[in-house]
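Dropping a structure here in structure tokens format, bear with me for questions.
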Amino acid sequence: MDIQELYKRGLALRKKIFGSDAVEKRMSAVGEFGKPLQHIVNAYAYGDVWSRPGLPDRIRSLIVLGMTAAINRPAEFKVHMNGAINNGCTPEEIREVCLMIALYCGIPASNDAHKIALETLTEKGIEAG
Amino acid sequence: MDIQELYKRGLALRKKIFGSDAVEKRMSAVGEFGKPLQHIVNAYAYGDVWSRPGLPDRIRSLIVLGMTAAINRPAEFKVHMNGAINNGCTPEEIREVCLMIALYCGIPASNDAHKIALETLTEKGIEAG
Amino acid sequence: MDIQELYKRGLALRKKIFGSDAVEKRMSAVGEFGKPLQHIVNAYAYGDVWSRPGLPDRIRSLIVLGMTAAINRPAEFKVHMNGAINNGCTPEEIREVCLMIALYCGIPASNDAHKIALETLTEKGIEAG
Amino acid sequence: MDIQELYKRGLALRKKIFGSDAVEKRMSAVGEFGKPLQHIVNAYAYGDVWSRPGLPDRIRSLIVLGMTAAINRPAEFKVHMNGAINNGCTPEEIREVCLMIALYCGIPASNDAHKIALETLTEKGIEAG
Amino acid sequence: MDIQELYKRGLALRKKIFGSDAVEKRMSAVGEFGKPLQHIVNAYAYGDVWSRPGLPDRIRSLIVLGMTAAINRPAEFKVHMNGAINNGCTPEEIREVCLMIALYCGIPASNDAHKIALETLTEKGIEAG
Amino acid sequence: MDIQELYKRGLALRKKIFGSDAVEKRMSAVGEFGKPLQHIVNAYAYGDVWSRPGLPDRIRSLIVLGMTAAINRPAEFKVHMNGAINNGCTPEEIREVCLMIALYCGIPASNDAHKIALETLTEKGIEAG
């Protein structure tokens, strides 16, 4: 397969998960400087790994929420909160991930995750709790 | 509910996931010194959080694999590899988690996770690939 | 012991350390969504671990400042700065913890800790230095 | 050598890398409370390690960008972005470090690094990309 | 003060905490290659920070156990377990630190800390529990 | 460009840096299970990022040593120690990176890095110090 096809496939999946506008906004925000990283994200992250058939997107989203909370990257956790909701994760499922974070990464990590999760659900007008 | 009930419920679930022998071996290995932590693990981790109905054990296992790889705790990742297999996770699903680790936590974290995952699958005589 | 007693004991200790208003504000901020985590915090963190007799609260506060700086959770470090002061830790003791962070977690972690420590001391009108 | 000489040598190098104003602003911001840490920074970090002849400052800057992105300390990454530019690192070299972060620390860490790198280059009026 | 005095003061304190033999063994193990780091450890870590009067060694040891568990450096945790015991920390106090780790850094970190703590206490013939 | 070309280019560069035997040993060790990750490593890590002209391999090696020490992945640090030596990094340059780790990631991280660095230099019969 040509790399450009991988890129197109990944970009399409990325837009399906996060919405076309959100993805374009993120890509233009980093301009020319960020193009090589956006290539990595679109072609390799979404065009390859996320496009693999082994797990449904909804489960991938829950796993990524756990990982990004664990590595302490709130901006990425926020992005994937939006993706998780679009992929059909329920507030209850998201909360369970946030509670598991307390066990495995500690209560402070879980506090931070809860805060962003609740904020995102509220922004989307989703009843949380 | 009395805390002792929480403890019993948690210990029963823990033994169901990891096997009675493995849990008893772990608990006796830390002796009197480790009793308060084992109380936390049995009563609070398994008796409360893991016992919540919001997510099936199989999905919790995949999420915990992602989290314990992210926080760089190989001994815990190994324990939960055994739990994941017992909970019905397939080698393909486990590999997808390990590949997502490369994206979100970096390739070295994914190398370490792959190594332990493959080792555990081999120990259990499960065809991996 | 019943879990509700554990919860009450923990909530009382938590309010003693951080002040009633601060605790209630934090609990109401996360609403229904955050109730299970608040249960973990009140019943298990404060009702169990913090309630154990093995260490005085003042020493626990110094240790938690070190841990929360090490794991890079500034919001939690800030909360426990308030608790540390209420528990009787002096600015000199707090600074010593922040200096030990430089040795064991690196100078950037120590810079971040110093900044929040000084900010909190200033907010409380405590002479620092 | 007397420690005061070490301190002076370090402070001079620090001012050469970051500019006199920036260093004095940082030092006065932490006041009396921060003096012992500023001593560590000036005497030991810049007066000793950074003053060693084994690596040119330009290469040290690239390495520190990688380290501070890896340990997730954005305020420190920002400070060293300014130092890297003053030490003669080009936007292309800085971007390569940020891309290596994606491989070794994961894409979220690289996103955060790219954002601060681009912001700093823009503040300095440097064409990035 | 001359740096050599700082170095001597630090080395003496380090030997008092860990024992002369243990320190000399560690220093000779890293040979010429490790001399600059040993200088940092002796002169700056023990000659400066640890020599400050603001906290007793016993409390510093408990804090360092918490920090080194939090940053996931088991070899360093082990070294400081020996130091903590020499500085008069009791098994009960050490266990309380290990339990706090479960709250703030997660259960896997606490498991790892308990294991090394118990191993060290057993090596020293100290009743743990 | 076709992805297979990217893969081939990356594999060739990887073998140049680490030696053909070492790479083939690593690839066969993870078997079928590890093929998708090996694809990511060869095609994306070495065929794309490492193949970019913006930084010489020798400087990339020093940066990766800093990053892998910072993220606490000793197996990866060891692999890249071998690569660094093959890429022409001197023991003095490697030691400077290890000393910078003490400043930015803390002394325990620097201790671990020094130990592996010295071990690798000794294995290769390189005078260190």
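A, B, C, D, E and F are the chain letters, set down in written order, and residue numbers restart from 1 in every chain.
Please note the rule applied: contacts are C-beta pairs under 8 Å (C-beta built on N, C-alpha and C of every residue); 3 or more make two chains touch, one makes a residue touch a chain.
The structure displayed is predicted, hence computed values, not measured ones.
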| item | value |
| --- | --- |
| Of C-E and B-E, whichever chain pair has more C-beta contact pairs | C-E |
| Inter-copy rotation, subunit A to subunit D, in degrees (Cα atoms; steps of 5) | 120 |
| Distance from the mean Cα position of subunit E to that of subunit D, given in whole angstrom | 29 |
| Distance between the centres, which are taken as Cα means, of subunit F and subunit D, whole angstrom | 23 |
| Separation of subunit C from subunit D, taking each centre as the mean of its C-alpha atoms, in whole Å | 30 |
| Between subunit C and subunit F, centroid-to-centroid distance (C-alpha), Å | 40 |
| Subunit C residues counted as touching two or more neighbouring chains | 36, 40, 44-45, 49, 52, 68, 71-72, 76, 95, 99, 102-109 |
| List of subunit F residues in touch with subunit D within their complex | 44-45, 49, 52, 54-55, 59-60, 62-64, 66-71, 76, 92-93, 95-97, 99-105 |
| Complex contact set, residues of subunit F against subunit B | 30-37, 40-41, 45, 68, 71-73, 75-76 |
| Subunit D-touching residues of subunit C, taken from the complex the two chains share | 72, 91, 95, 98-99, 102, 106-112, 114-115, 117-118, 121, 128-129 |
| Residues of subunit C touching subunit F in the complex | 102-109 |
| Partner subunit D, residues of subunit E touching it in the complex | 1-3, 6, 36, 39-40, 44, 48-49, 52 |
